[in-house]
Amino acid sequence: MPSLDDRIARFKEIGVLAISRHDFSKEGLVLSAVVATYNLLDIAKELFNDGFTLLDVSTLEAAEGFLVTYHFDNMSAPCRIAIRVLAPTDKPTVPSLYPIFQGAEWHERESFDFFGVRFIGNPNLVPLLLPDDFSGPPPLRKSSENVAPLSALGLFGTVETAVPSWENIIAPKTKDA
Amino acid sequence: MELSIASFVQIFVAVLLIIGLMVGNAVVMVYFERKGAGFIQRRPGPYEVGPWGTIQAVCDSMKLLGKQIFVPGNVDWILYFAAPILAFFPVLLLFLPIPFGPYLTGLKVDDGILLILAFAGFGVISNILAGWASNNKFGLLGAARAVSQSIAYEIPMILALLAVVFLSGSLNLSEIVENQGSWPWQWNIFVQPLAFFIYLVSMVGETNRAPFDLPEAESELTAGFHTEYSCMGFALFFLSEYANMLLVSFVCATFFLGGWRGPFLDGFWWTFIKAYVLMLFIVWIRWTFPRVRFDQLLNLNWRWLLPLAIINLWITAVAIKFFD
Amino acid sequence: MLKAIIDNIKGLYSLLVGLSITGRFLLSPRQTVHYPRKVIEPENMASYRGPLELVPGDPDPAQSRCISCQMCVRACPGHCLTVTKGASGKSPEVWLYDFTLCCLCAACVESCPTGAIRFSHKVYLVADSREALHLDLLGQLKSSAKQTS
Amino acid sequence: MDRLNFINPFGVRYQPDMVSGDFYTKNFAKGAAENTIILNLGPQHPSTHGVLRVIVELDGEYVIRAEPVLGYLHRMHDKMGEVKTPWQFLPNMGRVDYLHPIAWNWAHVGAVEMLAGISVPERAEYLRVISCELNRISSHLVWWGAFVMDLGGVTPILYAFEEREKINDILQIVTGSRLTMSYFRFGGVCADADDRFLKLIEQFIPYLRKRLKMYKALVTDNVILRRRLENVGPMGLDICQRYGATGPILRAAGLAKDTRRDIPYGVYSKFAFPIPSGPTDDCYGRYLVRLREIETSLLIIEQAISSLPDGPIVIPKAPKPTFKLPAGESYFAVEGARGQVAVHLVSDGGKTPYRVKLRAPGFSNLSLFAEAARGTLLADAIAILGSLDLVIPEVDR
C-alpha cells in the first residue's frame, strides 16, 4: 500500500488534469483526481492492481458538463479515492470501466438512465432502472437556470496541481479544506 | 376370482366408498395439515370458520368448485383437461385391494400388491401431461423432474416391499397382514427395519411431498407441473396428492405395521389409526426440513437406497433359505 | 466410503434433532395475538405513532394551541397539511390533514413552535375510502372536548 | 418449448414466435444458444423477494446465462433528494431499505452532519449504535427465514419473526414505528430511551442467544441444508473486487472488512467486537457469517447498554426542517446489514442538495449474480440469489 504522496506521484505520471487532497473527516474522501477520458482506463487499471474496488459511479450535471465521479475504496486498507471525468453536455461519452471492473456495468447503465451519459465499451447499455420505453429527457438533467458551475459546488478540496484549463474551472480561490 | 354380479356390485359399492374416503380424507387432511403447520409455527392455523376452524377445508373446497375455469392460451386442450382426471381416477383403483379390516376389502386379489404398483405409475403420466400440455416452461421442468423422480423412487420401494413378500410368501395383502401378530413386536417392522426405513423414504419421494417435492418446488418452479391449473383441475391434483399419501400410508401400515391387527382388538380402526399416524408424520416432516436439490434426490436414491434395498433383499432371501 | 456412511448417519441424526425441535414447538403454546379477541397490551401502544392530532389548549380543551404560522405546512415533505388562518386572531379556522399522504416523519411535530401537534396512538384506524382518511383535526378536537366534558 | 406446435380443438394452429416477450427478453435472447430455454423468473416469483426479475437461459436444469432485470420498484430517490430539503428527505431513508432503515438513516444524517459540521451528543451516539445494531439483527433474522424458505423450509421464517416482533417492540419505543423507521435527526436522535427500552433489551439478549442455539440445531446443522449450500456459488475475493461486493459476501470470502472497524463512525471505536469472516466463500459461508454477525451485534449492544452515558440526545441548536446546507461535498458510508451503505451529497448552498447519490450495497452485490450463477443448477441459482440477501427496494431505489 503506497503512501498518499506516492500515489499522487503515480497518478501524475499517468496523467491527470487536476489532483487534490481532501480532509477525510469533512468530505469522506482522501484524494480526488480529475482525469482526461483517455487516461481513465489506465488509472482504473492502476487502482485495480493496487487492490481497489469500485464503490459507485455518481454523476452530476454542472455548467461545464457532466462530472462522472468514480468512488474507489481499497479492499484491505480503507482509502477512499474519487476519480472524476468531465463529459461535455452536448455529446457526453465516457469510456466504460467494464473491462477492468465488471461491476461498473450496472453503475454506468444507471448513469446512462439518469443523465444520458454514454459509456463506450459497456456491453449492454440498455435502460436498467427506467422502463425500456421511457420517453422524455433523462430525469436527473437540470433545467439550464438550475445548473451550477463546478466551482460553486466545492468539490475540489486542497488542489495539489491542476492544468491551466482546470485551474479556471476550479476557480482562482480554492476552498481551504 | 370369479366374476359374478355380486362381485360387480361389491366393486361398485367399494368404488363409491373409496371416492367418499378420498374426498373425506382430503378435507380432513387439509385441516390437519394446516392446523399442524400452524401449531409447529406457533400460530393457531385455521380459526375463524366453524369451531376451531373445522369447516375451513370444506369452505375452501366449495370455493375451488365455484371458481371460473381459466384456461391459459396456447394449451393443448385435450391433454390439458385429461391430465387432472388421469391423476385422480387411477388412484381409486389402487384402494381396491387394500385390506382395511378382516372383512373390509374392496376386492380380494391374490396379487394385490402387483396391482397397486402397476397402477401407481399412472400418477406420473398425469404429471407429464399436465406439465407438457399447459405450455409453460415451469410446468415442463416440473414434469421432467416428476418423471425421473417417480421412476427412481419406485424401484427401492418395490424392493423394500419384496423383502416383506419373501417373508410372507404371498402377494395377497390380506395374507401379509394375517402373517403378522397383534402386538407391535410381531409386526414386520421389527423383522425388516431397513426395509421399513427405505419404504418410508421412498414413499415421501413417490408422493412428491416435502422435502422431496421437486416437481412442484415452489421456490424454484412456482408450482411445477400444475402452475397453470386453477379451480377443479387444481382441486383434482390436490385430491390425488392426498389420496396418494393415504394410499402409501395404507400400504405401509399393511406391510410393516400389522395392518388391521393391533393390541386388544383387531379391526379396521387399527389400519386407519396407523395410516393417519403415518400421514401426520409426513406432514411433520414437510414443515421441518428444507427441500433437497434435484441431483441429490437422485443420488440418494441410486447411490444409497437402491443398494441398501438390494442388500436387504439378498439378506432376507438367504435368511429364509437357511432358517426356514 | 466409510466416511460417507458415517456422514449419512450423522445427517440422519441431525434430521431427528430437527424433528424433535419442531415437535416441541408443536406442543408449546401459540405466540400470535388473535386480533379481534385479544389486543396487545396498552403499554406497547404508548410509543406508537398513529395519525396526527391537535393538542387541546390549556384553558379551553376545544381550542387548539395552533397559531397558524404555517411552519408545519412548509416542513411537511408530503404536503398533507392545510392550515388556514381564521378571520379573527391567530387561531386557525381550518386544520385539514390528509392521512393518505402522511409518512409519519414528525417534521410538523418538531417544527411547531407552540407544540400544538402530536401523534395519536390510534393503531386500529381503518377506513373504506380515501376521503375517510382526510381528517379534520380541529373538528376532532372539538368533538373529543365535548365528550370529555 | 417455443418451437412446439399445439393444436386446439377449433383447429387453429398456433405457431409461437421464435422469441416472444418484452424488450429485455428479446435483448437477452440475442445471445442465446441453440436448444435452450429462456425462462423469466419473476417479477412475480416466490423466491425473488419482491419484484426482482431474472432472465435465465437454461440447458435442462443448468443455468447457462442469467441476467437480472431491475426497475420494477424504482422510485427515483435520487430525484426526491434533489427536490426536498435534507430534513424532508429523511423519512425517505426508511423506505429505501425497509429491513435495515436505521443504517440508511445514519448514512444520510451522517452525510449532512459531515457537510454542515454538526457534532452529536454522546448519548445520542450510543442510542444510534444500539438502535442500528438491533435493526441489523432484525434484518438478518428476516434474511435467515427467507433464505431457508427459498430452500424449501417454510417454518423457520415464522420463528425468526417471533424475535423480529420483539425487536420491533423495542425499537418502537424510541422510533415510534415498526417498519420504516425515521429515528435519527441532524445532531442527535428524536426520542430518548426510557427504562422499559433498556429493560426489554436486557431481557432480549439472553433470549436471542438461547434461540440462536435452536437455530443452529434446527437449520444450520441440518444435513439437507448443508448439502444444499456447501460448495455452492463460491465468490472469492477476485469476483468481489471486480464487482464491488461488500458486507457479508466480502467477509465470507475471507476479508474482515467492515466499515464499523475500518472507518469508525459514531462511537464504534469504543467497543470491542470481532468481525466474523470466512471460513468458506460459498453459500454456507455467507450463511454462517450472517448468523455470527447477529452474535457480534448482541455483543455491541451489551457494551453500549452497560456504558450508556447520561446527557442530551440532540444538540441545543438542532437544524430546523428548513435549514440550508453549506456548499460542498460529502461521502458518508456506514455498514448496513447487506454491506456498505453510503450517501454522496453535493450541495451548492441552496435550499435543497444539488445531487444526492445513494450507494446501495445490494445493487453491487446483485450485479455479480450473473457471473456466480453461470453453470449452476436452477436450484443452486436460487440459493445463490437468496444468499446475496437482496432487498429489492434498496437495489432499485
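As written, the chains take the letters A, B, C and D, and residue 1 is the first residue of each chain.
Keep in mind that, in the parts below, a contact is a pair of C-beta atoms (placed from the backbone, for glycine too) under 8 Å apart; a residue touches a chain by one contact, two chains touch by 3 or more.
In this text the structure is predicted, and so the values were computed from the model without any measurement.
Asker: Enter the minimum step count from subunit A to subunit B; a value of 1 means the two chains touch.
Answerer: The fewest touching-chain steps linking subunit A to subunit B number 2.
Asker: Determine, using the mean of C-alpha atoms as each chain's centre, which chain is farthest from subunit D.
Answerer: Max centre-to-centre separation from subunit D belongs to B.
Asker: Have a look at B-D versus B-C and report the one with more C-beta pairs in contact.
Answerer: Spelling it out, more C-beta pairs touch across B-D than across the other pair.
Asker: When the centre of a chain is set as the mean of its C-alpha atoms, what distance in Å lies between subunit B and subunit C?
Answerer: It comes to 49 Å between the two C-alpha centres.
Asker: Measuring centre to centre with CA averages, how many angstrom lie between subunit A and subunit C?
Answerer: Comparing mean C-alpha positions, subunit C is 43 Å from subunit A.
Asker: For subunit A and subunit D, what's the span in angstrom between their mean Cα positions?
Answerer: Here the centre of subunit D sits 26 Å away from the centre of subunit A.
Asker: Of all the residues in subunit B, which ones touch at least 2 other chains?
Answerer: Those would be 40-43, 287-289.
Asker: Among the residues of subunit D, which ones contact at least 2 other chains?
Answerer: Within subunit D, residues 155, 159, 162, 218-219, 222, 224, 227 contact more than one other chain.
Asker: Chain adjacency by touch: line, ring, star, complete or other shape?
Answerer: Graph shape here is other: it fits none of the named patterns.
Asker: According to the definition already given, which pairs of chains are in contact?
Answerer: A-D, B-C, B-D, C-D
Asker: Inside the complex, what are the residues of subunit A that reach subunit D?
Answerer: 25-29, 48, 51-56, 58, 60, 69, 71, 73, 75-78, 80, 82, 100-103, 105-107, 114, 124, 126-133, 139-140, 148, 152-155, 175
Asker: Going by the contact rule at the top, pick out the subunit B residues touching subunit D in the complex.
Answerer: Result: residues 37, 40-43, 74-78, 135, 137-138, 140-141, 144, 210-211, 213, 217-220, 222, 287-296 of subunit B touch subunit D.
Asker: In the complex formed with subunit A, which residues of subunit D make contact?
Answerer: Where subunit D meets subunit A, its residues are 22-24, 27, 67, 70-71, 74, 76, 78-79, 82, 111, 114-115, 117, 237, 240-245, 250, 255, 257, 262-263, 327-333, 340, 342, 344, 346-349, 354-355, 357, 359, 363-364, 367-368, 371, 396-397.
Asker: Which stretch or stretches of subunit D touch subunit C in the complex?
Answerer: Contacts found on subunit D: 84, 87-92, 95, 155, 159, 162, 169, 172-174, 176-177, 180, 182, 185, 190-191, 196, 214, 217-219, 221-224, 226-227, 320-322.
Asker: Considering the complex alone, what residue numbers of subunit C touch subunit B?
Answerer: That would be residues 8, 15, 18-19, 21-23, 25-32, 34 of subunit C.
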